[in-house]
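Note sheet for the following structure.
Letters are used for the chains, namely A, B, C and D, taken in the order the chains are written, and counting of residues starts over at 1 for each.
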Amino acid sequence: MGGSTASEEVASMAEELGALIAQRGWVLLNGGRNRGVMAASARGAKRAGGAVIGILPDRDTGQASPDLDVAVVTGMGDGRNLINVLSSDVVIACPGALGTMCEVVLALNCGKRVILLGWEGWPQLEPYRRRGALVLAGSPSQAVDHVSTALAEHKASG
Amino acid sequence: MGGSTASEEVASMAEELGALIAQRGWVLLNGGRNRGVMAASARGAKRAGGAVIGILPDRDTGQASPDLDVAVVTGMGDGRNLINVLSSDVVIACPGALGTMCEVVLALNCGKRVILLGWEGWPQLEPYRRRGALVLAGSPSQAVDHVSTALAEHKASG
Amino acid sequence: MGGSTASEEVASMAEELGALIAQRGWVLLNGGRNRGVMAASARGAKRAGGAVIGILPDRDTGQASPDLDVAVVTGMGDGRNLINVLSSDVVIACPGALGTMCEVVLALNCGKRVILLGWEGWPQLEPYRRRGALVLAGSPSQAVDHVSTALAEHKASG
Amino acid sequence: MGGSTASEEVASMAEELGALIAQRGWVLLNGGRNRGVMAASARGAKRAGGAVIGILPDRDTGQASPDLDVAVVTGMGDGRNLINVLSSDVVIACPGALGTMCEVVLALNCGKRVILLGWEGWPQLEPYRRRGALVLAGSPSQAVDHVSTALAEHKASG
């Protein structure tokens, strides 16, 4: 997850993250549009040979990223954010604005592990960080390491 | 908006808030269930002779508050939170957990004025407070005064 | 329910239906937009002093009928049709196109009583007509009589 | 699309259909649950080496088919049917009950080509059959031939 507009720095981080997700053999799921963190992470995953699912807010694929393997067309606007979160095993949030903040909160509310990549701490969510539901990562490679840990714990407990 | 569980203190504040909303002649719209802030505010509004609309997450009215005039049955779970926000002219958030935090963020993201009643500040949202999109209220009567201001400004600008 | 475009004859039938619903003291719930069967039935109900709830497909109230007491703003496009159906005690379908046909089928699928007003029979749904889930009405006053019956049966069985 | 319960005959037809879809190199998208036409078509596609996306009505994957490559978790109940339809290039409807009928009508309403596999005609939709929006198929291989034609026409016109 992440902003629909992204600085060059954030976009390049998202692209690297997409590539690392693909190299681990995971499916990348994001908001599917052709801009911001969504487009950059999809491009990175695709170039690294991975699979990408985009959950679009629109009623058609006119604004879809060209790097999607499957476009899920919801016609629900931001209502699709809950679907993104429910469909993810682990949520990685790149810097974004209110939409991304909302996905972080939704994800914690659904009991998903959340990894904040390139965000400063967020005092209101400190209790979630303390109990391990929320993790801070300083780089894409740190973020995917946290995903591995989360999936391993999930498997062990499930 | 507010928690689906509420302390006695918060519930009594929500009930007073509902009554004040009704006395101003406004329609109270909330999440519609028979517990927490939803139930308390509906009860307050109803006793004061007001109208209450509940937007239920469920597929039926089995868990609806008895004080609703109209129950909108969405069958969408927490996906209904976006509908609550989009349908409101102004959003008042009583203390709650992640679900309420998410509604606050959603509301700001949709450009709605948000009034936090009985919450401490929330550093991440400080820029929104500074530009007046988010307002803190210390009591139900302060909250409805803020609503009046917001509606007057809205009318003037619209 | 009914078409978003309506002939003069259908619109006048919908307006009369709205008035009769209001006179019985029921709340009229429809799709909320300012055209077709929605607008006509809302106008009829409003003029007769009734309450009208519109469940809008849009993200704002720009296309809302002026006769709504409450506009529920879903931002979900046609996804809101299921909400219309789930929120209704009884569904009356005026003539419409595919969208209305879909609401009829959705309503039967949710176990709601459906009254077809001004439609010819529909062979595929004959089994539902035979067991009383679907009823044909030749006029608005016949339709509201069927609603009374349905509500009485519902109350008796509930 | 198709019923969540299916006779042995229909299930075997759905399984063959899934296999043929996979052999053409298309992605199979269905409702994702572990029963009826959904489960059978997913099994067929998977065994033939294809990719399967399931759009689940539930809040988790507890009732998901074991043959999905990606489970999209909507938490929206039957509200997810519109997403199924919007996300499909062509809709094939195996025999089902009201839920499937509704998806057929939704699909026509969204301008999608619909192929009815193993259904008798449906008089109300005859106008759509006449103009080619709705096609009847007598066997899975006929159905995928119709899909090929639809995709070729789509490409030519798009």
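One rule holds for everything that comes next: a residue touches a chain if its C-beta (ideal position, glycine included) is under 8 Å from a C-beta of that chain, and two chains touch if they have at least 3 such contacts.
Remember, it's a predicted structure, so these values are computed and weren't measured experimentally.
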Over half shared or under half: which fits the residue numbers at the contact of copies subunit B and subunit D, same or different?
-> same
Could you find the chain whose CA centre sits the greatest distance from that of subunit A?
-> C
Taking each chain's centre as its mean C-alpha position, how far apart are subunit B and subunit C in Å?
-> 29
List the centre-to-centre spacing of subunit A and subunit C in whole Å, with centres computed as mean CA coordinates.
-> 41
Residues of subunit A touching at least two other chains | 59, 75-79, 82
Could you tell me which shape the graph of touching chains takes: line, ring, star, complete or other?
-> complete
Where on subunit D does subunit A make contact in their complex?
-> 27, 29, 51, 53, 55, 59-60, 69-76, 82-83, 86-87
Subunit D partner, complex, touching residues on subunit B are 59, 75-79
For the complex, which residues does subunit A have touching subunit B?
-> 77-79, 82, 97-99, 101-102, 105-106, 108-109, 122-124
